[in-house]
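In what follows, a single structure is set out as structure tokens and then discussed.
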Amino acid sequence: MIHILSNGHSILNQFIAEIRDSEVQRDSLRFRNNLERLGFLFAYEISKEMNYNDREVATELGIANVPVLSEYPVLATILRAGLPFHQGFLRLFDRAENAFIRPFRKPHKDHTFSMNIEYASGPGIDGRVLIISDVMIATGKSMLYSIKEMLTRGKPSHIHVASILSSAEGLDYLKKNLPDNGISYWLGVIDEELTAQAFIVPGLGDAGDLAFGKKF
Amino acid sequence: MIHILSNGHSILNQFIAEIRDSEVQRDSLRFRNNLERLGFLFAYEISKEMNYNDREVATELGIANVPVLSEYPVLATILRAGLPFHQGFLRLFDRAENAFIRPFRKPHKDHTFSMNIEYASGPGIDGRVLIISDVMIATGKSMLYSIKEMLTRGKPSHIHVASILSSAEGLDYLKKNLPDNGISYWLGVIDEELTAQAFIVPGLGDAGDLAFGKKF
Amino acid sequence: MIHILSNGHSILNQFIAEIRDSEVQRDSLRFRNNLERLGFLFAYEISKEMNYNDREVATELGIANVPVLSEYPVLATILRAGLPFHQGFLRLFDRAENAFIRPFRKPHKDHTFSMNIEYASGPGIDGRVLIISDVMIATGKSMLYSIKEMLTRGKPSHIHVASILSSAEGLDYLKKNLPDNGISYWLGVIDEELTAQAFIVPGLGDAGDLAFGKKF
Amino acid sequence: MIHILSNGHSILNQFIAEIRDSEVQRDSLRFRNNLERLGFLFAYEISKEMNYNDREVATELGIANVPVLSEYPVLATILRAGLPFHQGFLRLFDRAENAFIRPFRKPHKDHTFSMNIEYASGPGIDGRVLIISDVMIATGKSMLYSIKEMLTRGKPSHIHVASILSSAEGLDYLKKNLPDNGISYWLGVIDEELTAQAFIVPGLGDAGDLAFGKKF
């Protein structure tokens, strides 16, 4: 199931416009804040597909029957660019457990590269709902290998893949390499072009640099 | 148009459960945080009914066509209980103008009371979208008189009334006293009982006291 | 005791520079954020003068003796401009009770004016520490009458007056009209000039308008 | 230069009490919030030792001479536990560049271990001010090897080491292995005991687990 969140007109498009806009990007506080707000809203839309149990809650004046989350999902993200987006997920699902993954593109002499996991930390996910988020899906390789890394920690009941900006090619790559069942995609918007250097066009630039500064 | 946001199961119900729960209420930081999160989510749902224009945004690598808000709404709230809920609206609609209103129940000798506006501050609203929010609608009188106060500042193009918890009676009162056209109601949940002292049952208690402490 | 917080060079000056800068002010999210950050830092400096009791805290591995606040202060602020600054105080003193006051300048035919309190809400303050904050002290009249209003709720053990920007004249006015004992002033910076229209120069403009939009 | 921030009684002690308290720790939102608030306050104290230039700022009504930061520091932190603490630093120094480091204890057969860097990302730091933060300094090895990693990116003009809770032994280890000049230590509190398993007593437990959940 693929959800394109920008299709339903909402303020989400305003935030996407701002994170794309090279003028607005110069304020990294606003840039990170927009990623966090988007994370909160993506998490909210995903929360509509989760399970709830009725619970009796004692108010000062009586008893209310209110649905509460049956279980909190595991929130995984990809370092470092995913951190502010993940922050929004965690602000919504504040009792969730979290995973951090760092996939790494190891270049080869023939200009190809293979994927390694430099660092990964997180809970077991057997039978649990997994939400894995990153700002962008370019080739899809980082996301694919991060999901594979998470799957070494158990078999989740459902996987939600969340990304603000995906290339069409990256989405195809994920769909081709992941099972159809048990995976939902939550995408802000899909951009058609992916350059040979794996830049999404028009895209938004390097989300990690824009949030945290250039790398050495 | 009446939207009951708790009907679509989402994390919103979890937050409503927490603000009702007299145990969880003891942490006023979490209480205010829940009101703010709810305000953010209500604002987001309302943003789906607003108007957007396509704008060309220059990214580092190209031009993206993105819908942006045609106009920011005016965000009105009712003092003091509405402040943390309003905070969530303003975090979403960060470029909005704001109004603060303090309706006051003036008691009479015969145990009835009339409504006064002690304090009101805000922009002109002629032709603009107005969102007016309060944590609860009990009798509906505070909300009605706050809307009437806002209408002295111009005729809005649309009014959105947002409240986390409404009594059935309060909603009826508003519908009876406000025109059907041009008003949308966004309610978290409707509680059936309203006591003679205007407490909603099971309700959640006094939202102002829980957020800011008891009054002298 | 008068504390001028900008004297000790710190990031506080950076935030004051930003809220003064008419270019930076155009982003009302950053403007409010700066007021909130300043409120948090003012509250922290004030917290150094408060009383603490040692408490035994059980960690997972042992017992730690840690000083905790003997009592939380009452946080009063002045509507509407004081709200984002107050938000910072409340983020620091998250268990505090709060007061909101709306002093009003009632103009007379002879171009003088008198001060009224339109709206005030807050707890009793007998024997308690009161922190009262506003973004600016221009003539000092709003602050003086707000303090007088609070004093109808009891006799505090100490009053802290906190303001980011004060005119020299406003500070003199307060010192002349309030007792020397039991009052501490915490000021970001003092500007020398106050115009006949009660604008501080160079000042920062109208803090309420900049945070919340122009009034009707 | 060693600064023990809990010595000057302030609200900082309240926050340290809360993050130690195994009862309060059960609310991971408050736990992370406390780490973030502490990060903000540590950053503020460090900002008092940084350099400022006078800048002319145009307000609406005049020109103000205000000191602004001469340069923003580089904010490094240690994964994953350091993230919420770092969040507070970045909320204060919002225009800073950032570094993330993951030191890893590689165990050997003889029950000793050596330190590896699994992942590191950050800017060049030649001639710049570096602030490196982590929630705790236990043996001091993670901090030492993270600093060494950063030093491969250039020679900073000054290093600030910030940690909420340090063992006496960890601090000694750092002082022994780092030059005396050009390094300032900013510590919340020093605990005397360090167990053979490298747990600080009374300490606070595993900050990473408390913020983000147990690891697989």
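By letter and in written order, the chains are A, B, C and D; residue numbering begins at 1 in each of them.
We adopt the following convention: a residue touches a chain if its C-beta (ideal position, glycine included) is under 8 Å from a C-beta of that chain, and two chains touch if they have at least 3 such contacts.
Just so it is clear, the model here is predicted, and its values are computed rather than measured.
Novice: Which chains does subunit C share as contact partners with subunit D?
Specialist: Per touch definition, common to subunit C and subunit D: A, B.
Novice: Which pair, A-B or A-C, has more C-beta contacts?
Specialist: A-B
Novice: Please work out the Cα centroid separation of subunit A and subunit C, and write it as a whole number of Å.
Specialist: A distance of 40 Å separates the two centres.
Novice: Cα centroid separation between subunit B and subunit C, in whole Å?
Specialist: That pair's centroid distance is 27 Å.
Novice: Could you grab the centroid distance between subunit A and subunit B? Build each centroid from C-alpha atoms only and quote it in angstrom.
Specialist: 30
Novice: Would you mind listing the residues of subunit B that make contact with two or more other chains?
Specialist: Residues 29.
Novice: Give the list of subunit D residues in touch with subunit B in this complex.
Specialist: Answer in residue numbers: 27, 29-30, 33.
Novice: Considering only the defined contacts, which subunit C positions touch subunit B in the complex?
Specialist: Subunit C reaches subunit B through residues 28-29, 32, 74, 79-80, 83, 87, 90, 94-98, 100, 102, 104, 118-119, 121-124, 153-154, 208, 212-216.
Novice: Which of the residues in subunit D come into contact with subunit C in the complex?
Specialist: Answer in residue numbers: 6, 8-14, 16-17, 20-23, 37, 40-41, 43-44, 47-48, 50, 52, 55, 57-64, 66-69, 91-93, 189, 191, 193, 199-205.
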